[in-house]
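Below are the structure tokens for one structure; questions will follow.
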Amino acid sequence: DFRGALEEVKPAFGVAEDMFKECVRNGIVEWSPAVQRILDDGKLLVEQVRNSPRTPLVSVLLEGPRGVGKTALAATIAIKSNYPFVKLIAPELYVGMSESAKCNAITKVFDDAYKSPVACILIDNIERLLEYVPIGPRFSNNVLQTLMVLINRVPSHERRLLILATTSQRMVMNDMGMLDVFNTVLSVPLMTTVDHVFKGLSNLDLFDDEMSNVVRRSLIESPMQVSIGVKSLFMLAEMARQDEDNKMENFLLMFREECMKGLGQI
Amino acid sequence: DFRGALEEVKPAFGVAEDMFKECVRNGIVEWSPAVQRILDDGKLLVEQVRNSPRTPLVSVLLEGPRGVGKTALAATIAIKSNYPFVKLIAPELYVGMSESAKCNAITKVFDDAYKSPVACILIDNIERLLEYVPIGPRFSNNVLQTLMVLINRVPSHERRLLILATTSQRMVMNDMGMLDVFNTVLSVPLMTTVDHVFKGLSNLDLFDDEMSNVVRRSLIESPMQVSIGVKSLFMLAEMARQDEDNKMENFLLMFREECMKGLGQI
Amino acid sequence: DFRGALEEVKPAFGVAEDMFKECVRNGIVEWSPAVQRILDDGKLLVEQVRNSPRTPLVSVLLEGPRGVGKTALAATIAIKSNYPFVKLIAPELYVGMSESAKCNAITKVFDDAYKSPVACILIDNIERLLEYVPIGPRFSNNVLQTLMVLINRVPSHERRLLILATTSQRMVMNDMGMLDVFNTVLSVPLMTTVDHVFKGLSNLDLFDDEMSNVVRRSLIESPMQVSIGVKSLFMLAEMARQDEDNKMENFLLMFREECMKGLGQI
Amino acid sequence: DFRGALEEVKPAFGVAEDMFKECVRNGIVEWSPAVQRILDDGKLLVEQVRNSPRTPLVSVLLEGPRGVGKTALAATIAIKSNYPFVKLIAPELYVGMSESAKCNAITKVFDDAYKSPVACILIDNIERLLEYVPIGPRFSNNVLQTLMVLINRVPSHERRLLILATTSQRMVMNDMGMLDVFNTVLSVPLMTTVDHVFKGLSNLDLFDDEMSNVVRRSLIESPMQVSIGVKSLFMLAEMARQDEDNKMENFLLMFREECMKGLGQI
Amino acid sequence: DFRGALEEVKPAFGVAEDMFKECVRNGIVEWSPAVQRILDDGKLLVEQVRNSPRTPLVSVLLEGPRGVGKTALAATIAIKSNYPFVKLIAPELYVGMSESAKCNAITKVFDDAYKSPVACILIDNIERLLEYVPIGPRFSNNVLQTLMVLINRVPSHERRLLILATTSQRMVMNDMGMLDVFNTVLSVPLMTTVDHVFKGLSNLDLFDDEMSNVVRRSLIESPMQVSIGVKSLFMLAEMARQDEDNKMENFLLMFREECMKGLGQI
Amino acid sequence: DFRGALEEVKPAFGVAEDMFKECVRNGIVEWSPAVQRILDDGKLLVEQVRNSPRTPLVSVLLEGPRGVGKTALAATIAIKSNYPFVKLIAPELYVGMSESAKCNAITKVFDDAYKSPVACILIDNIERLLEYVPIGPRFSNNVLQTLMVLINRVPSHERRLLILATTSQRMVMNDMGMLDVFNTVLSVPLMTTVDHVFKGLSNLDLFDDEMSNVVRRSLIESPMQVSIGVKSLFMLAEMARQDEDNKMENFLLMFREECMKGLGQI
């Protein structure tokens, strides 16, 4: 399991363990077989990079709506790779940098990676790295072009590199020609059944059994389409928990709102 | 009550009490139960941030038309939190700064907040911070991106942070993808009944009882939809007060105009 | 009367009397009761700022077509306020400044005003200050945002501030969200009757009585809509005066053209 | 007459006689009474500025298609004014300057003018000064705004200023709000009759009498609308002159083409 | 003939003979009477500038599709002028320069020209000088405005200047207002008949007589519209020549493709 | 054959052999006669540049969808040219450079090439060099213009230059006017038959004979249009290889997806 994986990792150099751990703060709950499938696909790519002489560079994009766990899953694959070099490129690291400083910092991570016989880079939240905003639209073409070239640049001298990236803007990536740059794409799904939701809640200690039954029945009976990400579910649960007296009502209210938002009905 | 709350607050460091007091210059009049509801919701979020280990970061947006009291309510929640660190980010503080200086100043507030075990930041009037103007539209993507990343950045080392923000441009925030960044949204309403209006006026000493009755009747009889914010109501009352002889007429005239403006009929 | 008012003013400091006098070079002719009404409304606002503890900041926009006398009326209100600090912000003062220098200069005026217990600032010709041009449209968002924040910023420490502003682009101000920033709006009208015109001409010594009758009859008989600003009327009168022999013909010709231009018929 | 006028001018200081002379290289031929009318109107404005106490600033725009003689006429009015200060602002003088350098240079001319009791500034070819290009459209808003403010700025200390300007882009000036800035507009016409053309050619010694008759008849008989500027006519005449053998044919050919171009038929 | 002309030229100073020679690397083949007509028109303009006192400045634009020989023809006119100063302004000379450096370099050429009693400047490939690209469209307005002013600026002190320019973007030049700036326009045509093509090929030694007949017949019989520039024809001929065995087939294939491309059918 | 060619090359100076070798990491598999045809066409152009006195400069564009082998084919032509100077211009070489630094670096390569009697420059992936992105669209007009001028600039002093370039954005190149700049265009095709695919896979040792038959049959029977580039095929093969147990299924799945993507059906 994942928590175990974290403990085993003892890379010679370069892994920023802490930052990756924070990406998986609330663990990986297997609320659907799709979760394990993504981790398995990741493992195959990890092996391909390590072994295939014809493809020293492989790039994969994890895409899906906000809050479905893209970052946590990508971080898990990266940590489990056990590569000696694993590094994060994320918007939080570059707050306040100019476009060109950001490009330099990103390029530096790649240059460092090329020094390791086999390396993994996780590029988190591409649209935010690009400073993308739908109005306009605007984004940093500098950062975009730098990423497009770097993601495509085959390391020389027999070095090997796995690139993991996450985005919640698949269409935008496609329009930018960024999707083509990746060798493969993994889609991280939303929870869509009541069962998903309760598997997701199982470790949170939010409702006792009786409450669980009431809530479950209410969800099943309501004519609403379930559509929520695991991260949002955790947030709702914690919010509901604050008002002990109205926990179920509040949870159901916020849950319905979140699903409608997810379905574009609000 | 609020005035009392202000007195009690004696945080160890970091609270800019004066600036928050000025945000609530004319107190909080409970012209509708919705007012208390918003304060209560705020209190729950204050508790969640203090207590829940799974959600060390919670962000909430107070949105509503101009002059409904968003800033005063957010400031009240912040002060009542009794957190040791409470800070304001507002456009008035950054007049004449370049985009990047502004980004740095904002980032600095967050960096300071991360040093407190639990902190609250109030980001007032986001659209003005972004230098948003509907023609174009134009805005500082620098500031937008900085805010989006900061509002999403989970503090490390067990620190906890509550982010309150206000806007009168919900649609714009949505179009920018800024709405998604917040964990929850509270809507501050306009006054929509004659009763709201008179509860709002009650402490102002504008009309004597007889006048009140005349005005009230006139409002009830007119076929006009009431639609006004508490801040605008206070301004009208003070304007009307200047011309003692025509107080009622002037008030009614300006009140009708304001409501029509609010309803987009002017 | 106004000329008298000018003489009385003896403020302790800060009033740039000369510049305000130049704004009213040709006096205030009362060609319609609307003229006095605007001056009266201005007077009430002057009193409100001086007296009301709840509204230490009041802002008013004088809007109307080009040449109707907006600047002269606003300047008159400002001078008659007898406030110890009265200052002008006008595009002529900032020719050739960079956007940011202009913003600094404007901010400086406000900062100075906050030092006076009660102050008045006249922001003349906002669209020109913003370097607005309808093609694009283009304008300085820097200056716009600076103005929006400053016009909204409540002075601290019990200081009081009246902001007067003028524009001939009401719609543009509305589209920019600038109209909402003002607490109230006063509309300065065009002359629309032959009577207005002759009241306007009365002090100019342009026509003798006989000529006046001829011109008046000609205007009344023509099927043309009167639509002209007091400033434009004065310019026409002076142009016509140059060619003594064709004074009436030239005046009528130019007058008609001006009215048609005002009505968008040319 | 004009040539005479040039000789008489002996201003105390500031008149750049040479540059103005070059604007009227080929004299002013009176091919239509409209030519004198424009010069007369100019003269009245010259007198108004000199005399009227109410209008110390008058601005006039000479507009018309390319090559109709706008610059030559404006220069003639300026020279004939006999003002002690007459200065040219023209795009040729600012080649290779940055926008802000250009703005400074233009402002300098005005500041110099304010030092003369009465002055005249000729702003030639506004659209080129603005670096206007219809694609986009693009132009220097810096220069535009500087001009708009300067053309509107009333000189203080009893100084008097006449501003003459030329443009072949009336519609563009209107769209920019530049037309409104001028107190009056004079339209310089194209030649539209065969008679205009022959009056225009009279001093050029291009055709002998017989040839003239042939060409005139050919023009009258052709079903073509005459539409040509005096400057273009002079150029055609000189081109035709080079090929003595085919003078008439070439002239007629080029003349027709020019007219069609003028009418938008090519 | 042209080659002879090149030898004769021995100007006192300023002619960059080499660069002009390279523009006419493959001579001027008279594949149509139109070729000589353009050279003749050029000669008349050369004489007009030398002689006419009324037109010290004449500007002419050679326009036509890509590869029709515009540059070679303009260079031939310039060399044959025998003026003491003949200079080239071409995009190749300014590679890597900033916009303003380019403007300065161009202005320098004109300033040098004004020092010669009579001078000729060839501005080659205006659209490339402007860095024009149809997407957007984008171009250097700096360079455009500099050219527009310089092409229109009459040299003072009795100096004389002929300006030749080339473009393959007539419509774009028109949209930019650049076409109006020239006194006259010469259109360089494409080859449109089989005869043109064979006259064009005559000196190239590509096909023997028998082959020529086969190719000619094939061209005449095919239902295709001939439409090719002399420069492209030369390139095709050289390409075809490389594969001796398939010369005719390859030539015909490429020729057809080129014609279709020219006609917008590919 | 190609591998042999690589060994033979022993140029006196300037060939960056390593970088070119990396472009052909997986050799050139002749999966269709079209492959050899492109190499042959390249050879003829190599000879033309070496020999024809009339065309010292020839430029050719290899265009086709992503991953069809454009770069590998262009590199092969360049290496086989045996020219003493062969150089690569590719986006990977300029990561993080400013636009103008990039332009300078590119210009430097051309200037170096002009020093060799005969030289070859390979400009790889033009759209990425231009930092092209379809949203907007945006691109570096600086780099575009520099390339357009350099690709067109005939070397002086009898030097000879072959320019090879690659793009997967033919339409964009056309819209930019970049296509016209090349003397000829070679189109590199996708694999479109099952036969192409199996010729492409032949050296990879992916499937044994039995598996091959199963896969082939499955492909033939499926109603899907084959449409894949050789580079993508290699990547799929290596991915499938990782999961020995599901090799065929995975290959078929990914192959279908890739074809659909290529056909715009995903």
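By letter and in written order, the chains are A, B, C, D, E and F; residue numbering begins at 1 in each of them.
In this section, a residue touches a chain if its C-beta (ideal position, glycine included) is under 8 Å from a C-beta of that chain, and two chains touch if they have at least 3 such contacts.
Remember, it's a predicted structure, so these values are computed and weren't measured experimentally.
**Student:** So if I look at the partners of subunit C and the partners of subunit F, which chains show up in both lists?
**Tutor:** Neighbours common to subunit C and subunit F are absent.
**Student:** State which chains count as neighbours of subunit D and simultaneously of subunit F.
**Tutor:** E
**Student:** Can we say the copies subunit E and subunit F touch using the same residue numbers, with more than half in common, or are the two sides different?
**Tutor:** different
**Student:** Using just the Cα atoms, superpose subunit A onto subunit E and tell me the rotation angle to the nearest 5°.
**Tutor:** Subunit A sits rotated relative to subunit E by 120 degrees.
**Student:** Report the inter-centroid distance (CA atoms only) between subunit D and subunit E in whole Å.
**Tutor:** That gives a centre separation of 34 Å.
**Student:** Residues of subunit E touching 2+ other chains?
**Tutor:** Answer for subunit E, listing residues that touch two or more other chains: there are none.
**Student:** If every chain is a node and each touching pair gets an edge, what shape is that graph: line, ring, star, complete or other?
**Tutor:** Graph shape here is a ring: one loop, exactly two partners per chain.
**Student:** Output the ring sequence of chains, start subunit C, direction subunit D.
**Tutor:** Ring order, starting at subunit C and heading to subunit D first: C, D, E, F, A, B.
**Student:** Report the residues of subunit F in contact with subunit A in the complex, numbered from low to high.
**Tutor:** Within the complex, subunit F touches subunit A at residues 18, 22, 25-26, 66, 91-92, 95-96, 98, 128, 131, 133-135, 138, 204, 234-235, 237-239, 241-243, 254.
**Student:** Mind listing the subunit F positions that touch subunit E in their complex?
**Tutor:** Residue list for subunit F touching subunit E: 44-45, 47-48, 51-52, 54-55, 58, 100, 103-104, 107, 137, 139, 141-142, 144-146, 148-150, 152-154, 156, 175-177, 180, 183-184.
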